[in-house]
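Going by the order they are written in, the chains are A, B, C and D; count residues from 1 in each one.
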Amino acid sequence: MKTATIIIQCPDQKGIVAKVSDFLYSYKGNILEIDQHVDGEIGMFFMRAAWELESFDLEKDKIAEIFQQEVADEFEMKFELYFNTSKPRMAIFVSKLSHCLFDILSRYYSGQFDVEIPLVISNHLELKKVVTAFRIPFYYLPVDKSNKAEVEKQQIELLKQHQVDFVVLARYMQILSGDFIKSFPNQIINIHHSFLPAFVGAKPYHAAYERGVKIIGATAHYVTEELDAGPIIEQEIARVRHHNSPSDLVQIGQDVEKVVLSKAIKYHLERKVLAYRNKTVIFY
Amino acid sequence: MKTATIIIQCPDQKGIVAKVSDFLYSYKGNILEIDQHVDGEIGMFFMRAAWELESFDLEKDKIAEIFQQEVADEFEMKFELYFNTSKPRMAIFVSKLSHCLFDILSRYYSGQFDVEIPLVISNHLELKKVVTAFRIPFYYLPVDKSNKAEVEKQQIELLKQHQVDFVVLARYMQILSGDFIKSFPNQIINIHHSFLPAFVGAKPYHAAYERGVKIIGATAHYVTEELDAGPIIEQEIARVRHHNSPSDLVQIGQDVEKVVLSKAIKYHLERKVLAYRNKTVIFY
Amino acid sequence: MKTATIIIQCPDQKGIVAKVSDFLYSYKGNILEIDQHVDGEIGMFFMRAAWELESFDLEKDKIAEIFQQEVADEFEMKFELYFNTSKPRMAIFVSKLSHCLFDILSRYYSGQFDVEIPLVISNHLELKKVVTAFRIPFYYLPVDKSNKAEVEKQQIELLKQHQVDFVVLARYMQILSGDFIKSFPNQIINIHHSFLPAFVGAKPYHAAYERGVKIIGATAHYVTEELDAGPIIEQEIARVRHHNSPSDLVQIGQDVEKVVLSKAIKYHLERKVLAYRNKTVIFY
Amino acid sequence: MKTATIIIQCPDQKGIVAKVSDFLYSYKGNILEIDQHVDGEIGMFFMRAAWELESFDLEKDKIAEIFQQEVADEFEMKFELYFNTSKPRMAIFVSKLSHCLFDILSRYYSGQFDVEIPLVISNHLELKKVVTAFRIPFYYLPVDKSNKAEVEKQQIELLKQHQVDFVVLARYMQILSGDFIKSFPNQIINIHHSFLPAFVGAKPYHAAYERGVKIIGATAHYVTEELDAGPIIEQEIARVRHHNSPSDLVQIGQDVEKVVLSKAIKYHLERKVLAYRNKTVIFY
């Protein structure tokens, strides 16, 4: 089924739901999903609606313009409009660890992710074979202190060339520059291998071991300039015991990481995430 | 804040959300929450909306009538309307086990449950002291095969007398008759001490032990005439290990039971449950 | 069944299990449970064994001495010996919040906790009624900046007078002094309302809300002088969503807190916890 | 580190732990892990011990014989002895679904599974490419009613030829005959896509949807002749909501299936599973 999805944010006020649903109805849109959220602390209204495109009386190309005039202007709305008629294009960045990459490719292979993967970029060669087995172009761009800025340029060039919509850091072991991040606002998903905000930074499993926690976790979040502090999309945990060594924690944690990252990708693909300030609304 | 909540079901068709939200807006209702669900398999539409009463332009007593005329008739809707201006009245049935009762009373005491508890009914005396410590009337109605029908009459009489809206079976060890159940359709919440539909019937923890399961659970559901087969409101689980004896399972399970039952009560109190056929929609 | 339990720690070396189990067997002890753990990072060995007392050939009072001579000396062991023939004596400290207290009393009432509760101490009067309904002495000792040291003296005096073995801080809203803590090393259990080490300190639910986490938690730990940094006994979590307000988090979290605290108490009562450095071994 | 692991079962009696640990100590074995379990209901004792091989004073080939004479005979023990000096050999059976296979191969690739995979057998061709990308031989043996017995013969022949130790049914959509199962007692691991014993048989996700459960699950178990009734090794669950369609449940469930199956394989590989009657002891 061809569908359109709109994600809206604006200052909270009366009549927004009525106005939006009226708009859709007036053009014969059959609403498939509707969800809203009010953040009372800051007085903001958020909404997501999905409807059937085929019977809709407006041309796809005209919807944004007409909606702007008939609805958005009055409520000072910001909105984003998506159509499922073309697949989002996702780039994957990896280093050496394979578990998240495998999990993503497995879902891509089985059709669980409705996405194009035009390229994988890595600073190591280890995962090249796996990627090419799926007939996905693999770009090897080694990074060191001296060439980092240069490599980022190449990466951004490649992403543009392949018309990439969003980037997944599947345990990519490099910190991106502020400039790179600004080029893809809320379009870079990272998996951090701890239950943020616990154990920010490097070696979180070792830190968790040292602290003697009984539960470890993983966090998928949009990348912002402040390290490990971007809007959280999804988190999950696993229990550990005293007899688990740091390397046990790494293994147990990898199962959590891959599931959390793939869930976050799925929410993102289904246009169910709205990031604002340092948080996300997940419409599910 | 004074609020009204409406729960709607009708055959799925275009324009329902628009119509309902228009209705609310036209009388200056500020929508606080709105959620909908379409069961595509059976072509049914479900919706829940909550709005502020104070600024609403319709008298509380007139809302149902006007909504019927202006909205419900056209879409062949069934709907229920609730106001938070009076507290629901809940009766609790218990036997000897105290864990669920304590949990409910604890939440009642701390104000977590916005409810009146006009009475507790039991077929045993063990829990009388606890109940009366909370200044709640305790009715002792012992049951055996010979007097069951008679006792149920008394129970129903008491429930009516105390204007009870719904009944919670907090590990009440008697099976209610079809007649009793029909008097409170989808208004009797039971906690079953297994992860239904596994281990229907008596002694589920022993059955779970025999089967060697690694996870046990509990299920809160509305009571229907078919035993342990009513619409499920909430379920939760706990892990067990080979060294757990049947009595360990009972203890571990009780923690799950009380949390599940209290969650179900909370959903019910907040008008977030819509039961249809043998299922529930939980608007949360 | 009358049983003895021994908890052992010593530098790791060969033959410890053989020596200990031989010792028990040589005096006709029937081993009921045995568990061990080696912390390879620091080269320490930990062990727990429980056995039947009745058929055991050593007098209860002599076991420690003989074990010291025949086993402990050789391996430079530290050990603790417990008998289930007398119940541990637990004091509860509370302020105004009732959920943890209710949960503990509920388990005490139903016999799930094999413990004596000789007294409850509070800096507020709110929970006095509940406590006295269980026929437990309630001591009201209000605390402010000026009298804190003096009140702690009274508290310690009361604990000694009632021969208290360990203390449970059931959401007691005061920070204990280093002197108090030293009087009960690894014998004070606190419940912290966050998933430590995330959100150390006050108002963790509000901090969690601000950060936009998708999971909140609670942590039971032994109290040490460094705030919220003692050995973790148990942790548990609950999922939250964007529409949950800070006060929702408080309520959702309370369910987690009470279960975690009660589990920690149970492990402690069953002599299943061994605290070393900043961690715990949980023999379950 | 080269290690030996022994798994023991015998009627419960005094002195077993002492005898076994003495035996190991007398030959200079450094015990790495020891765990025991008594099933009080049936009076059986179970034990697992792992120790370093290198400093051990008995030849690998002699251990079983000497242990039999010095220990096992006296206690009427049955025992199994494993060495980590050679990798277990695992065959995988698949049909068309790829998620479990991918997950296993991903762990195999990253070294998380210490195993040889000499072959994959399938009744369909879909997954051939994936398997051969990992340089694992793929055998295509289509099955229908007429040739089932014949195909099983070929399968058993292949398993013998490749010296397979155990078989994993990674969503293999055929029911094995009693004869096949008897050839590999407690050496065939199956993943069932429900929380057994709920929803035995085919289409469990659809049955779960019909019943309106709030939690679905998956179960890894050893295959016995009674369908879906063998000893459970591991189970896990995931929450679902009313808006999840049957195909959502399938997708959500696949994440659970693959994690549960891989955990079960890991326990099996690490010799942590002891199956008796219709249950398992998991020494972890």
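In this section, contacts are C-beta pairs under 8 Å (C-beta built on N, C-alpha and C of every residue); 3 or more make two chains touch, one makes a residue touch a chain.
For clarity, every value in this text was computed on a predicted model and none was experimentally measured.
Compared on C-beta pairs in contact, A-D and B-D come out with B-D as the pair having more. Chain centres here are means of the Cα atoms, and by that rule the chain farthest away from chain C is A.
The centroid of the Cα atoms in chain A and the matching centroid in chain D are 36 Å apart. A separation of 41 Å divides the Cα centre of chain B from that of chain D. Touching of two or more other chains is recorded for no residue of chain A. Across the complex, chain A meets chain D through its residues 97-99, 102-103, 105-106, 109-110, 112, 130, 133, 251, 254-255, 259, 262.
In the complex of the two chains, the chain B residues touching chain A come out as 14-19, 21-22, 24-25, 28-36, 38.
Those residues of chain A lying in contact with chain C across their complex are 37, 40-41, 195-199, 210-215, 217, 231-237, 241-243, 245, 278-282.
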